[in-house]
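As structure tokens, here come the structures.
What follows is a pair of complexes built around chain A, which joins chain B in one and chain C in the other.
Up next is the complex of A and B:
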């Protein structure tokens, strides 16, 4: 009988109790894993932001447009490698509830600004050369069952054409995806020209610009220079890094990180209390056994290690099952949520944090019983009764 | 039977101090479950109360057909005139129709909590607008003067965003404004807005005489049907008409449902974790008293009494946990001010609202945990064999 067997026997001495504790621990890690995965993908916009990419918006607010001519002027700024622009279309397919995130862009510079968007070469060429082309993200195509060659109308809840209609006809000639799962591919884009020439109002305006600098170290200077170009005009601009822009947008929803920390904290406080007190009790019940082990020549260090291993094992079994369930859940939800939370998966960082938490939980709940166990005195323990 | 049950119950409850650690852990874990649930419910209820509570059924909202949101909409001066001339619109004492064409622009404000920019609605309104918001009053300063670069700011905006103190100049985009008044509408949605004179806004944002939405006071809630028929039959009008109540109810749904759909599963998952804890505690309770229960059985107490004793102990712990959780969450959450992005794509400021209904929900959830957690240990207590008197 080696130590591992003894630890296992000790843990399952009362089977039901061990299972109940594992269920508690499992739930806490299920919550941690699932929320961690959602939070990671929710904040992915900050992580996938390229270091040298800046976003220029109207200083009033990013929903306010600016003159099309700005695009050309920003290209002249020193240190600017590429400038592209995009405009919000407010698109929907057939019915208003079928919302389609879609932008009018300058295709060539847009693809240069976002090298992480990938598509077959012939589709890229088709997108660049076809005026009525709609380039559709893979997730969006799946959501609506669209495929290459389809001709579909997209309606806008904002814009109207000079003929009074709000519907633009598009040919799907490219389907793009991100080179990594976290890069969103849940939107569509099309030629700015095709959209602008039919507009009844707000013509020759663009929504925002995407600026790639030659080096991230000059971001701040380039941003200042761009904003200075349009200072005191009727449409002043505000330039920030893509990461800062995305971060600020997420903050608009509220302090989600704080809510998550509170919920996960509550879940862990619960198991800490339950598992901690139960472990103390479980070891107290075994005072005599431990005294016998000491009599047989188990030294203090060995007993300390065995008790601590028991609580860590408990924590690992419960935690790994919980994390496994969370992964299953997240994978199951990924397909259904691809439309608005693309790239949902269990991130490695969450797995590693969970593992560290499992070991930490095991040590914290096991340390007091382990110290108690080493302090057991054979004479007193065996002399009881 | 009743006497026996009471006696066993008292024995159980008096012996709780022997299992103090475990009992406290159970109370604590159930309290946390209830607190998490109530936190989410308070958030959802607060948001819903602010948005849905804002709507009145005798105010009609007109948007361009298909635009879905004020931000996307656009109406001409002629549209406004046709609405004013239409049926079902109430008139003020002097005979002018109570109709307000409004312009809606999103501007950046700095959120106090995060120091980041967030979307705020800057609304250009005419003289009739205050009459079309229930409970509107200027609580500090005065109303803006027509034609001046002056703002009145909703009390909620002042609370959550910096730079809008009375008398302060504030730069929004290219223009500098002066805050001349703070208004309240009793916590409804309008309080999350900034108002100015529509003429000034149309001019600064080159909107000519166009507006984005029209609000009108109806002669009665039923008159909306006449208005709908009129708009549908008038070829020059291409509008969506809804009562303000419908308009806000539809925009409150998404966010508050999302919070509910997050809160309930989380609380239920945590309740299962706490259930395992409660179960464990009650097992220890029964285990520790096996001999005592067997003795009681031997002197004539029924198994039912032992069952009830254990159940009451479990439910008692759960009830304490539930009430502690509800009390703490009331103190912690009730009235907290928060803001999030609403369906108008602007910040909606709301206060957490711990309602009686959510307290009841929380305590019921706690009692379910206590009941299920106590059930199997209680059955075991009822079945303690008499021979256990000799063991242990």
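Up next is the complex of A and C:
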């Protein structure tokens, strides 16, 4: 037997109470872990943004296109290393519920703009040289069971061809992936020319441009110069860094971070009050036992540590179970949501934050009972003068 | 018996409590000497200060004035931390209602004071078994308090009190919750601890029959000791 035995025995003195407390803590950390993982992957775009990458969109809205000719003009701006462009196709496979996130791009400049997209050399060559090629992200290929050589139709509920159909036929000639798990590989891309030449309307327009500068320090000046080029035109532009663009995109959905903080905060505040009150009651019930321990010679510091450790142990057990369940849940969801949220996993940052919160929760809920325990007067607690 | 130097020396000891505006004097200017190896029974009416005196001897209460010396050194002015260490080293307590930890087995209850020592796990285990054996309850080592009778629980409490080999055992109504037979067995055990292991025992009791087991009886009344008898 040692102090750890006494701490464990104290914690499980009333098993049902201890288990219920652990379950409540477990739920809080299950919520924290799951939401934390989703939040991390949801905002990964901001984190993976390259420092020297700018995004130029129509000033009205990023869904409004701009003339194709802009692409060539931006290439002339001083400090621009590479310019690519992309146009939203949307699209679905076979039926509308099989949504396929897809873009019409200029393959060569697009792959230069995004060096983090990796694929075998022969597939890269095939993508660059095959007009009907569809380069598919690995997660998307897994989701639909596609493989190299497959010929698939993608239908659009936005665009129409001059022949009246909305279906573009593609040959899968490349499957790309990100060089890190957080790089999205849940979309497909194809030649802009192949798409544009068949369009019934909105031809020779592009959705947005991706601009690589020679140095991140000139981003602001390059952005200003690009926007100045098209000032007072019918399609003015707005250029921002990729990180700022991604952040602004996310903010369309509301302040996700604030929502998460409020949800998690409410859960933790409730748990804090429940566990804190219960711990105070639990220690009050043991006043006489603590007095006996003091009588036997256990000093105040040791009793303080034991009571505080009990509270931290409670928080750690409940929290680790909750975090473990959240990890299982996230792992299970990762496969199902690979197409929508690539790279979904339990991030180490969430695990470390959760551990700090567990210890913090244990300390906060245990500090008052621990102080109370040290203040127990033996003579009064033993009930005799 | 050969009396050695005083184990306890109480000088001008006073104790009073304040309750509201009222000050209640328990005793005043009490002088007392207790030698090593004594077995003293302290008797007296309720409220006479018997338990308070025991608490002062055990360092779990502080006198209002006066001094408590143990083996020539004052203990009444020690800090809480030093007092705790002193109690762990020199004093064993036996309470009327046993005060065992309900979640621990008999052996674990007995082992508690040894957690304050530097003994190894094996040494602690040996000591626990020896202590339980001395009080005749080694066969109940794995039982929890609620699985034991009152007499058995008090034996466990005695084992806990002696396991760290203190010089003094302070017993507060150790048989107050027991039937006559159990009480006699417990008192017999205390007597053996006094005779065989030379433990100094100071016992507070209401029970004249219990007091007969002691070598010296003291009667505390109105803050004064009345020596009733010395059977040494």
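What we mean here is this: the second predicted complex is superposed on the first by the 383 of 385 C-alpha atoms of A that agree within 3 Å, B and C clash if a C-alpha of one lies under 4 Å from a C-alpha of the other, contacts with A are read in each partner's own complex, and residues count from 1 in each chain.
As a convention for this text, a contact is a pair of C-beta atoms (placed from the backbone, for glycine too) under 8 Å apart; a residue touches a chain by one contact, two chains touch by 3 or more.
All figures in this text were calculated on a predicted structure; none of them were measured in a lab.
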TODO: Go through the superposed model and pick first if A:17 touches only chain B, second if only chain C, both, or neither.
DONE: first
- [ ] Mind working out whether A:267 is in touch with chain B, chain C, both or neither, as first, second, both or neither?
- [x] first
Open item on the list: For A:280, using the defined touch cut-off, is the partner it touches chain B, chain C, both, or neither? Pick first, second, both or neither.
Closed with: first
TODO: Could you let me know whether more residues of chain A are touched by chain B or by chain C?
DONE: B
Open item on the list: Just to be sure I read the superposition right, which of the two partners does A:9 touch: chain B = first, chain C = second, or both, or neither?
Closed with: second
Task: Touch list for chain C against partner chain A, complex - done: 17, 26, 51-52, 55, 58, 60-61, 80-81, 84-85, 87-89, 93, 95, 99, 101-104, 108, 111-113, 115-116, 124, 160, 172
Task: Residue numbers on chain B that touch chain A, as the complex places them - done: 21-22, 24-26, 28-29, 32-33, 35-36, 39, 66-69, 71-72, 74, 105-108, 111, 113-114, 116-119, 172-174, 206, 266, 269-270, 272-274, 276-277, 279-280, 283-284, 338-341, 345, 347
TODO: Quick one: which bits of chain A touch chain B in the complex? Just the residue numbers, please.
DONE: 16-17, 20-21, 23-24, 26-28, 30-31, 58-61, 63-64, 90, 96, 155, 157-158, 166, 201, 232-236, 247-248, 251-255, 262-263, 266-267, 269-271, 273-274, 276-278, 280-281
Open item on the list: Which residues of chain A touch chain C once you look at their complex with the stated criterion?
Closed with: 1-3, 5-6, 9-10, 12-13, 288-289, 292-301, 378-379, 382, 384-385
